[in-house]
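This report concerns only the one structure given below.
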Amino acid sequence: MSAIFRSLDEALAGIGDGAMLVVPPEYGGVAMEATRALIRRGLRDLHLVTLPASSLQADLLIGAGAVATIETSAVSLGEFGPAPRFAAAVTSGKIRIKDATCPAIHAALQAAEKGVPFMPLRGLVGSDLVARRPDWRVIDNPFAARDPIVLLPAIRPDVALFHAPMADRNGNVWIGRRRELATMAHAAAKTVVTVERIHDGDLLATEASAAGVLPALYVEAVAAAPRGAWPLPLAGEYPRDEAHCAEYARLAATEEGFRRYLDRYVYARAAA
Amino acid sequence: MPAPRPDGACRDEELLAAVILRLIAGLRHVAVGAQSPIPATAALLARHLGKGQPFVSLLSSARHNFFTDGGRELFDCAGQGRVDAFFLSGGQIDGAANINLVAIGDYAAPQVRFPGSFGSAYLYYVVPRVILFRLEHSRRTLVNKVDFISAPGTSPPGVYRPGGPVALVTNRCVFAFDRQRGRFRLESLHPGHTLEEVLDHTGFDFDRPERVPQTPSPSPEHLDLMRGVVAPLLAEVYPQFAATVFGFTRQEQS
Amino acid sequence: MSAIFRSLDEALAGIGDGAMLVVPPEYGGVAMEATRALIRRGLRDLHLVTLPASSLQADLLIGAGAVATIETSAVSLGEFGPAPRFAAAVTSGKIRIKDATCPAIHAALQAAEKGVPFMPLRGLVGSDLVARRPDWRVIDNPFAARDPIVLLPAIRPDVALFHAPMADRNGNVWIGRRRELATMAHAAAKTVVTVERIHDGDLLATEASAAGVLPALYVEAVAAAPRGAWPLPLAGEYPRDEAHCAEYARLAATEEGFRRYLDRYVYARAAA
Amino acid sequence: MPAPRPDGACRDEELLAAVILRLIAGLRHVAVGAQSPIPATAALLARHLGKGQPFVSLLSSARHNFFTDGGRELFDCAGQGRVDAFFLSGGQIDGAANINLVAIGDYAAPQVRFPGSFGSAYLYYVVPRVILFRLEHSRRTLVNKVDFISAPGTSPPGVYRPGGPVALVTNRCVFAFDRQRGRFRLESLHPGHTLEEVLDHTGFDFDRPERVPQTPSPSPEHLDLMRGVVAPLLAEVYPQFAATVFGFTRQEQS
């Protein structure tokens, strides 16, 4: 079996304090078991990039004090309401926020994927987002007269972290149609993946299975973590744990409640 | 099983889905964001009635989502001119159709922080028919001027802007948006609501006809389809909504 | 069955004289049966864009007089030598050529895919390609000092044409890992696809099959054309017909030989 | 079945594959273009010897190609700094390592038209170790100055250029390229070839040591592996090459 297979804690060793970490949206395969392990380890000062939005994962990391800066198009618990720890941290000034819009984060990671320093994007002109992002530039489209267009600098994360259904023994990871996971991995210096299971075969062997694969070339470490997206869903595998997400929203509404949540579901699981 | 209801009664959500059904008539492709159960109801109903047309993309659905190029495909597709309608909301919406999904108060030290702009700062510019949707119709939400412009309602000449708002749907009424004038116009009042009430609860100035019509209720046929055909589809993505509004609960988790 | 299914000739009706047509490389699913049908129909004045290179398909279209302009990073018969009709047409000035490099064509189509007017690309600076492409611009990277970078205008083809193993009854097309076919379809106004067979099911039904699908939304017309890439290969289906390709290279070396090839393999097949 | 050969005899292609094997030693990822059977031989041999390292991408192969993001992935991957070596050729190559894959004569009305630049105008800039490969070593191919620069050998300061040429391999010798000086240096002469012959057939000026070593022949072990293990793999993409050089013919078409 490939040397990229590790225990969960070993796989996460490459995510250090201060790292720029990119993570997928709720429906894209969120490495929640890994997120709890990082919080137990006391990770600090993350520059968290969400591709493009996040829910429980970002709220949990922020509430636990692991995040210094977040670049995001939104953090929300969806049907379960606003993300309480995110909102509290932003209003109290505890974290720095770089407000973006979904396609801007996609495009900035595609710039890194393509090895170019920037990407153009339509929209945005005249929005207060541009006013609040001095790292974005508005230029005149060189191919037309008086046509303002925004250029976004490439985002080059230190680490991409996500959860997937499986990896084969060579370290090729099944991502299916969640192509943004490939973009994340291409854009990041290192990619750490947790998986439900190890596939005993070669995912690249047939055209049919190869179509949904992130090749091992881009993968630094893989760790098995069954139900590793819990309580979030994993497409084709299991749905969201609605009751748990409702409980989180209820508890995380207050700082004390959030501490109880951490004790019960993050720290206690390590002891168990 | 949908809970039985008194004959002819119709919930607010059903009325609003019927409004949206009319606003998306005849389109080729309707996309619905992650937190828009009422637009999703309308879009899935339109597809059922159209025997597979329009294409409907429910972004957080696995089953009702034909995108295969990852999260960027919605935005690429819209940039190509292939998304005909989308739905946006706002913590604040003002009379020029500017929307604010970011914060109330000073951006650097906000009183209230909203989730963030999502795709609005792009889709509002490039999707031809953007339908604004805000159930809570109050002076808190419909304001004279937003504190933060996530995306502007209109753009000056020279700015690439093939898209923009066409309507604002609330729990009290429907406004149409006039892009030339940059203003809303009251289109219809929902049953049981009055012009005075709307004037009282709207923080911005708007145009109106001399006599404001009533918003038509959904037909019994459409109501039956929402409750019987659409609700089970919705439950994949909006289980709480499907349960609360249509009384539909999934028997098994897939 | 979806209304997008047509006979081959009906499916090709949307490709008119003067169209900008984008086609894939030899290993990407080349619609050769459709190409022969277009030549029989007497198609003229194509602006042919190859994503990024071409072999027999471009040489055949050029030799048959269907091409006015070609934008390409290369036309070659690979192991079978240079592309003779291409070389003859360029040296005699019969066609206009816009010389490019592979990633430039990928990027320019991605610009159209993303709805932006241009894309930046590294490399190229100081190459004679830039000198011969007045439609390309060299600008100073706005995010750095004195860092020249090339901007490529978007390529927005009228039609994308390719051959794939299958489409389902809803018109969803299996492209596997040939993702450039999706980019072609996204970038083009219309997409015409020939397929080996119709799949009697829904390719989007499972995560496993959905990963390799171009959704019907992007497809204008599909026609069944068994062995439709012949004599070129189709990944996972059949290899190249080596003997036939060698015969082509031999015959096409002269104008008269090329005419014999057309009579035997293009016009005769319509009569058969 | 490889045809039997006299003991110790080695074909030119095998010698050159051994040269390239040394030039790609210790790398993580070697990519090989569509028309490079000898580099493909070396890369697959390196992977066999390294028990799965380096990653090898044969671009026109289905089996020896782990790319899953379409034709752009090679270029994206190289842009990320994840392709350590690539192989380029040229209809003309000059003493400054400029390569010409486009035309001889006037660009607008060429005497000879080559296929085109392929990915050279990008990969030559961003891949750290580009190995130039031109079997025909003559004054026709190795010229003083190319007629068209598909990609320049070096770039002035300020131009983004993490990559470039490291060597030029021909049927007569191996040159190393000095990026600082922008010149080739004769590294070794293949068995049976002389300095005088190389000087005669080279159109550009180059540096050389006082005594030019001979290019080492492949070891018997490596020869056996090329013929027995690598040839069958090559046949998927280069059937004519595998048959001509190694006498290997596929029994069935897959």
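Remarks
Letters are used for the chains, namely A, B, C and D, taken in the order the chains are written, and counting of residues starts over at 1 for each.
Assume a contact is a pair of C-beta atoms (placed from the backbone, for glycine too) under 8 Å apart; a residue touches a chain by one contact, two chains touch by 3 or more.
Not measured: the values here are computed from a predicted model.
Listed by label, the chains that touch subunit B and also subunit D are A, C.
Between C-D and B-C, more C-beta contact pairs are found at C-D. Put simply, the C-alpha centre of subunit A and that of subunit B have 28 angstrom between them. Rounded to whole angstrom, the centroid-to-centroid distance between subunit A and subunit D, based on C-alpha atoms, equals 40 Å.
The set of subunit B residues that touch two or more partner chains comprises 62, 67-69, 75, 79, 126.
For subunit A, the set of residues touching two or more other chains reads 107, 114-116, 121-122, 147, 149, 177, 179, 182, 207, 210-213, 235-236. By the definition of touch given earlier, these chain pairs are in contact: A-B, A-C, A-D, B-C, C-D. Against subunit D, the residues of subunit A that register as touching in their complex are 112-116, 170, 172, 179, 182, 186-187, 204, 207, 210-218.
Those residues of subunit A lying in contact with subunit C across their complex are 107, 114-122, 137, 139, 141-144, 147, 149, 151, 153, 165, 175-177, 206-213, 235-236.
Contacts from subunit B toward subunit A in the complex involve residues 34-35, 60, 62, 67-73, 75, 79, 101-103, 107-126, 148-152, 155-156, 158-160, 238-241, 253-254.
Those residues of subunit D lying in contact with subunit A across their complex are 29, 52, 55, 62, 66-69, 75-82, 126.
Put simply, subunit A touches subunit B in their complex at residues 24-28, 51-53, 72-76, 78-79, 82-83, 86-87, 90-91, 93, 99-104, 106-107, 110, 121-129, 132, 146-149, 177-183, 235-236, 238-239, 242.
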